[in-house]
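What follows is a pair of complexes built around subunit A, which joins subunit B in one and subunit C in the other.
For the complex of A and B:
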């Protein structure tokens, strides 16, 4: 017995198509732009018929931007590398610090525990600009300005609360008896954490890690203020395309395509974890 | 020889809630002690204290003469089966059972052999490569039990392991478990709230109620000489008939408006408010009139080997009687009968404290 009529299915198909077009069109348009020169991008009316060119990509990869006003060196590939380095290192550090902390918050009731957890979360409430002025002064004194370590440290403001709170929910969902059973079987606390708690919370850890990676990747303001050109990620590096001779739309589009590629690939790979993770962690059994 | 397990004045409170109150218990090596009691009386908490998952608020726990307070669970050499099974969901049945063996850093061959041994004993050798979620409830329960048994721990803690399995399996396991547990040669603490399970398995039963042991004795002793009204009510199916009454000077008691003589020594409890109890199987029922108490049969319920009668005396008091179904004299519904009480199945309790009063011996 099929309760859905043909009409219903057709309408559903159309609606899904509309939603997809709405969300995917900008990306589609950017991909098209990345294969065009500034002239074809800016013609009116716009058209999807054009002669494709790889010049934008070659300019980015070789690092030489040729404009009507002359040649310009851009460090896009360096920026891309910085993004990869900063984001992965930040997430890795956050996982090392955040997963054990999340476990502690989930399993043990200690003095000020809730307050500490909430304080960590509150880092996400504060507008970054408010924190940045004092931070940049401190960083100058500590000699952390324009260092990878300094940036990775500041990125903990983004990654750590996210990982801590998502993973904590996962640990809370694991029946403590499962861990007790492993202890009684003759394993130490540390083995139980490694062999039972972490594997069981893995979907949550993967989801939180991925989200943290995306947030870190997309961060703009911290790197803009605290680092100079050679340490800046793509988000800041893209500013270089606003040149004296105008805005280089083609290169911006190509840069966007290149810079969303890693996160997109990661998200596609981990989307099963992500959906499962984000829905499961929220609901208490 | 010291007792294998000894609890001395153990108490456990969670915040202001006192769950266990000054509990003492000993168990000898190889003994099966059943902790019996209604839910919420702290049976599970008691096992967790012994396993080391929780620490007692006060008191001492020792295993093999060694003080266990503040000893980590992994160093206590106990096996525990949890009521909710607590299998490791990401490991298959084999690895679940192997975990205590691996923790004792045994070689692969030894682990394999050890798992095969218990798996065969518990008839789960065909599902060893299944993940816990692919197992039926019965198989899960057996896997949990196998895991507890695998390392042949000296002390085995079983927390109502038959609670979450279906009736058929529970019946089978009730028959099999005593043999399995004897074979394991461990001291066993077995928690249950099923009195039949307790009677079938126990060397001794410790009845826990309100955070205290009400009675610790052999199953026969508990059934024949319950220490309190509460214990009498918990053991036996159908439950014991109870009536609030008084004892007259000749030791007879007043039951449903008639004097019933039971035991002359009851005279010593004269004028004391008492509760009289009589087991359904100690109610002798004779067809037609007789010297005994007159009653009418209200309902007849055959339960396999026994038949339960609901009787009503002329004054309106109701009581249950249980006869062997093989008896040729099972009265019909609505018929009149005469009843008498077999002194072996009667009990007298203080009405205020609920404590048993023993004629002559008390």
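For the complex of A and C:
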């Protein structure tokens, strides 16, 4: 394909530019909005020339919004903190549960193993409400409604299949001979796992952890059903925010920017592993 | 694999018992979490066979398949089936065509193309619920930039998600924005992993490019296309976040997809039995699809991991 004509190159360039505009413009526009006051947002025609203000962000961070109807206290920072806590704790728990299991599935062929692995995989594709609605009634009886522990447990539905299947692939790609040699040298099984297998699979474990974090962060439906305002992550919190009266459009935009910035930054950082992670290891990036 | 396991375990394994129990011990914690989640699943099956309304506890009783039978003559149910199928078909169809097109555009691994493909991942990493809010701001009738653009084209009263005629179009747009990069990135990885030889031979023989595309590229890419589409179809038929954040299933019942409908049955009409029955039907659909999917996915996975 080296003898492409100039015309073709130009058309390709234009098409790629259009694609980039469609997919990046919304993010660009919301970021612009977050630095504007209602006055400049409501201008017609819209313009990208305006005097930027940080007032939307300071209002969100201090939690005091001045509206036409007086002062309004909002807990957006609490939502942000909930997202950080829920996502990181869920991923941590998932790694503790998932990495040994992934190792077992990769190294040993045992009857129950494949069954567990596929059951976990099928959770990835089952309608979440099917589990969540009965669970919401159970949680009430167990006193787990609106607790971090309850949410972190249910978030395993998101993180565990991801970690299990990605990390399993990495363990399968490591030759068992290295572990064998280390065992011959007189080390215990646990030492071999900890000092040889885990370090060798580390890139995979890190990638799976980052992706699981992104998916946990982006989840909406779990907390919508199982958490009230004070435990809700940003995805649910931001929706309540929009429907609250008197909030300025720039503040909504700023809340969205603060909510999506962490996952976008992580995704750019971990982009090398995204393809493999998104396809649960079916396609190598 | 068994040989590999023996290799690791043979030297100095403390006891036969430990050797046999080790894999189970390692996966036990994950299994326990599974069981905790399997219980609600069976509860849901049971609920779907009950007359069970949270606001009328006295009426609770076992009614076998009446919830399901009632669906047959229920226009709202058939609307849900129709809307879900149309939503899934439309979104995945558009995403597949667009994703394939973009993957072909970015096929050459140049520096520019690689940066472009990374930037295109950003929508995919945006929470769908938040993406819906972003588009809601952009389609706001008072100040939305998109409302402004279409007004320039002469549509001064374009109401996007609040008009039943354009609601589906609007949520499809959001879905396409979020998920096209998923198909694109999988197909791009697929395209770049295809063997070079058939293409070089075709170029030497001066085979027309349309022939190369339809007879070589497309057939070789087919496993990737099927995997990516099934993956998306499974998610799309259960779409909740985007529809709920954007319109909560409205206006009217225009966007009452399965999960939104069962959410409202449960929380608004407190009809647990009906809600559970709806979800079981959705689960049956996704179960059939996911079995086809998992077969495809395992094939690709084996290839990616060198047939291990």
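By definition in this document, the second predicted complex is superposed on the first by the 233 of 285 C-alpha atoms of A that agree within 3 Å, B and C clash if a C-alpha of one lies under 4 Å from a C-alpha of the other, contacts with A are read in each partner's own complex, and residues count from 1 in each chain.
One rule holds in what follows: contacts are C-beta pairs under 8 Å (C-beta built on N, C-alpha and C of every residue); 3 or more make two chains touch, one makes a residue touch a chain.
The model shown is predicted, which means the values in this text are computed figures rather than measured ones.
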Open item on the list: Contact-wise, after the overlay, does A:97 reach subunit B, subunit C, both or neither (first, second, both, neither)?
Closed with: second
Open item on the list: In the overlaid three-chain picture, which partner chain does A:61 touch, first (subunit B) or second (subunit C), both, or neither?
Closed with: neither
- [ ] Go through the superposed model and pick first if A:198 touches only subunit B, second if only subunit C, both, or neither.
- [x] neither
Open item on the list: Just to be sure I read the superposition right, which of the two partners does A:177 touch: subunit B = first, subunit C = second, or both, or neither?
Closed with: both
TODO: Using the touch criterion from the header, give the chain among subunit B and subunit C with more contacted residues in subunit A.
DONE: C
- [ ] Considering only touches as defined above, state whether A:89 meets subunit B (first), subunit C (second), both or neither.
- [x] neither
- [ ] With the two complexes superposed on chain A, say which partner A:229 touches: subunit B (first), subunit C (second), both, or neither.
- [x] neither
Open item on the list: With the touch criterion stated at the top, can you tell me which subunit A residues are shared between the subunit B interface and the subunit C interface?
Closed with: 177, 180, 183-184, 186, 189
TODO: Mind listing the subunit A positions that touch subunit B in their complex?
DONE: 175, 177-178, 180-189, 191, 196, 199-200
- [ ] Flag every residue of subunit A that touches subunit C in the complex, lowest number first.
- [x] 1, 12, 15-16, 19-20, 22-24, 26-27, 29-30, 33, 41-46, 96-98, 100-101, 103-105, 107-110, 112-113, 116, 118-123, 125-135, 137-138, 153-154, 156-157, 160, 164, 169, 172-173, 176-177, 179-180, 183-184, 186, 189, 192, 214, 217-221, 224, 234-236, 238-239, 242, 249, 252-253, 256, 259-260, 263-264, 266-268, 271, 274-276, 278-285
Open item on the list: Applying the document's contact rule, which stretches of subunit B touch subunit A when the two form their complex?
Closed with: 48, 51-53, 72-74, 76, 78-80, 82, 84, 86-90, 99-100, 103-104, 147, 151
Open item on the list: Considering only the defined contacts, which subunit C positions touch subunit A in the complex?
Closed with: 1-2, 4-5, 7-9, 11-13, 22-24, 26-27, 29-31, 33-34, 36-41, 43-44, 47, 101-102, 105-106, 108, 113, 116, 118-131, 133-138, 140, 142-143, 145, 148, 177, 180-182, 185-186, 189-190, 193, 203, 224, 227-228, 231, 234, 238, 240-241, 244-245, 258-259, 262-263, 266, 272, 275-276, 279-280, 282-283, 286-287, 289-290, 293-294, 297, 300-301, 304-306, 308
